[in-house]
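What follows is a set of structures for review.
In what follows, chain A forms one complex with chain B and a second complex with chain C.
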Partner chain A sequence: MTLEIRNVTKSFRGKHAVDRVSLRLEGPCICGLLGRNGAGKTTLMNLISGKTIPTEGEIFLDGEPVRENDRALEKIFSMGEVNYFPLGMKVCEVFTNLGRIYPNFDRDYAEQLSKKFELDTLQKNDKLSTGYATILKLVAALSSGAEVLLLDEPVLGLDANCRDLFYRELMENYAEHPRLILFSTHLIEEAAKLIERAVIIRAGQVLLDESIDTLLGCAYSVSGPAGAADAYAEGKEILGADSLGGLKTVYLRGTPEKPFPAGLELGQMSLQKLFIELTNH
Partner chain B sequence: MNVKPIFRYQFREYYKVFSVFYSVIYGMIVLSLIFKYTRSDTDGSIFGMEFSTVVCCFIIGLAMFKSTFRFCTACGISRRRLFLGLTAALAVSAAAVSLLDIVNAAVFSNFIDYRTFYSSLSSGGSGSGRFFTSFSLGPAGKFSLHLMPLSLLLKNWLWCLLADFCCAMLGLLVGVLYYRMSKPVKILVSVGVPAACFILLPLLDANVTHGKIFQSLAAAGVQWIQWGLNPGLDLLSRLAAAALIAGGAWLLLRKAEVSQ
Partner chain C sequence: MPNPFAEEKPIFLQIAERLEDAVLTGAFPEESRLPSTTEIAAAYRINPATALKGVSLLVEEGVAYKQRGIGMFVSKGARSLIEEKRRRAFFEDFVLPMTAEAKKLGLSEQETVSMIERGYGK
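Up next, the complex of A and B:
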């Protein structure tokens, strides 16, 4: 399946939350949507899912416009930070209603996941703690059977055990039902183990849209004495630098020279470090 | 376009609300019956209960919009499908409760002087009472099922149904309007509209137009009541009102967004 965002802009009171964004995401793929607070990740996901309406531009799923198109919308499940389930609705009732809306909703799988996460299905959704409210949304998302999953901060409020369980369930589910998953999170190091592609968004615009291998393959770090590191970095695209005493680590874009100078240590940049350096300016 | 999920969900929510509402109604009727049979100096009577149904329909249209809109839109339901589902649920609910009101009148009129909204207008046989006698529900305004022709019962049910449906759609329109308004505009409308209707308009009419505004409004009301004498026109005017209100609600809903 293909999700295409064509020149989409969303303005709120004259400010562009999303500014002329064009993206083409081919599934099956787990794609990370990364950005700082206020970058426009949630707005972009809300535009894709139809919660908000673009000021300009259009979004297509498999060639069909998404807007006001039930056939396209029922292929998308969006899980956001905000809880949209009605007050007083029990967890089991949430599953029942979702089963009526999403034709491929797997009720048995939802019950199994609820047991694994120790989610009480007789509890009202608004009475759940932050962590369990997130778990409910995760269970709903994984059980939806939708071809496109939009997961906005899916691990918000989860303890380490639950996060680990979620990642394992996500990968198992993805292996059984390959689909397009768009995953936004601030826990980049954890997400880096899952995502195949990264879209970095800054100030409402797409900064980067690359596969993880390509992204990490075109950035590296050089550590050593400050003078030597600076000399090596001269003339190259510097992403950032860290100093500690007389030692310096410089983060560079591109591929390392061959042969690599002695006295300096070559390292791979982590996705989180790359993200920080790219979005710091 | 499958509106069944929305219809089922909404209907269940309305059912819960009407269950509580009719529990209160039946409680009041039981109290009236106790009052009637324990006091020798009075017969007791009940009237206009279906007017409260109209108000309840307005409230469910108004109050249930926001949570339903957020839930359905978050679950990938288009605004068009949502609107059709809501309208269908409100229409079926209006039909059910208006029928229940007729059944209540038929049952409880055997025990107490139970007057419907129609029949309470026809009591006394003079003035507006005589005006409504031709389609009141029985002699001297009393609801008497065995005296009612089926056509009159059907007409009464349709009248109540459309009144309930119109008010439910009006509630939905107001609900969507308030949802779309920003906080300052909400305050302006909540204070401004009553002030305009109850203070500014009477002042304007008294000092500038010398009563012409309220005379025109009264004439329009009388005309609408006269249309009511003709069952066909009555039905059409209410259908037109419902369509107009529904159109307004749709125009507002189609651009509504889920707020964070």
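Up next, the complex of A and C:
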């Protein structure tokens, strides 16, 4: 399946939350949507799921516009911070409801996941604690059977055990049912091994859209005595630097010189470090 | 001084190495089925495409083979293949970094060799 965002802008009171974004996401793929607070991640997700109408531009799923198109929208499951389940409805009733909306909803799988996460299915959904409210949304997303999953901060408020269990279930689920998953998170280090592509947005615009391999392959770090590190970095595209006394690490774009000068240490940048350096300014 | 911000090798290489280690220790005997990419992805919390890349590397090296519709299996003779490959890499992976460190510390060749002997319990 192909999700295409064509020149989409969303303005709130004259301010562009999403600014002329064009993206073509092809599944199966787990794509990380990364950006700092207020970069426009949630707005972009809401535009894709039809919760928000674009000020300009249009979004297509397999060539069909998603706007006011139930057939396209039932292929998309979106989970975010806001709870859309009716107040007072028990977890098990939420499952029954989801089965009516999503034709491929897997009830047995939802029950199995609830057991694994120790989610009480007889509890009312609006009486769940923050963590369990998130777990319910995760269980709903994983068992929805939708071809496109939009996971906006899916591990918000979850303890380390639940996050780990979620990552495990997500990988198993995705390996068995490959689909398009758009995953936004601030916990980049944890997500780095799960995603195969990263879209980095800043101030409502796409800053970068690359496969993880390409992204990590086009940046590196050099450390050593400050003078030598600076001399090496001269004339190269510098992303940032860290100093510790006379020791300096410079982050650079491109590929290392060959042969690499002695006395300096070559390192790979992690996705999180790269993200920080790219979005610091 | 090691770079505190350095990352390790690509994940698919680490996965291939872990699977090879399991073959070497006998945890995955020759002619037994290797875990599926789904199992590997779930166990290590990595993207299934990365898991597949790791397993494909083993196939390329002749350590594993694919049996259609069933899965991946450990090749006959896989252990000696891995041992041979690691022996070839031993000099670059272990001896060269050790001599480089020894030189940095001003250890003489004799001192280094005697430490190696000590490692052997002599």
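One rule holds in what follows: the second predicted complex is superposed on the first by the 281 of 281 C-alpha atoms of A that agree within 3 Å, B and C clash if a C-alpha of one lies under 4 Å from a C-alpha of the other, contacts with A are read in each partner's own complex, and residues count from 1 in each chain.
We take it that a contact is a pair of C-beta atoms (placed from the backbone, for glycine too) under 8 Å apart; a residue touches a chain by one contact, two chains touch by 3 or more.
All figures in this text were calculated on a predicted structure; none of them were measured in a lab.
In the superposition on chain A, A:204 makes contact with neither chain B nor chain C.
In the superposition on chain A, A:86 contacts chain B only, with no contact to chain C. Look at A:52: by the touch rule set out above, it reaches chain B but stays clear of chain C. Looking at the shared chain after the overlay, A:40 reaches neither chain B nor chain C. Applying the stated contact rule after C-alpha superposition, one finds that A:30 touches chain C and leaves chain B untouched.
By the document's definition of touching, neither partner reaches A:145: not chain B, not chain C.
Applying the stated contact rule after C-alpha superposition, one finds that A:154 touches neither chain B nor chain C. Of all residues in chain B, those touching chain A in their complex are 1-2, 4-5, 8-9, 67-68, 70-81, 254-255, 257-258, 260. Touching chain A in their complex are the following residues of chain C: 1-8, 10-11, 37-38, 41-51. Per the touch definition, chain A reaches chain B in the complex via residues 42, 46, 49-53, 68-70, 73-78, 80, 82, 84-87, 97-98, 100-102, 146. Taken in their complex, chain A has these residues touching chain C: 30, 164, 167-169, 171-172, 174-176, 178, 193-196, 213, 221, 223, 242, 247, 249, 265-270, 273.
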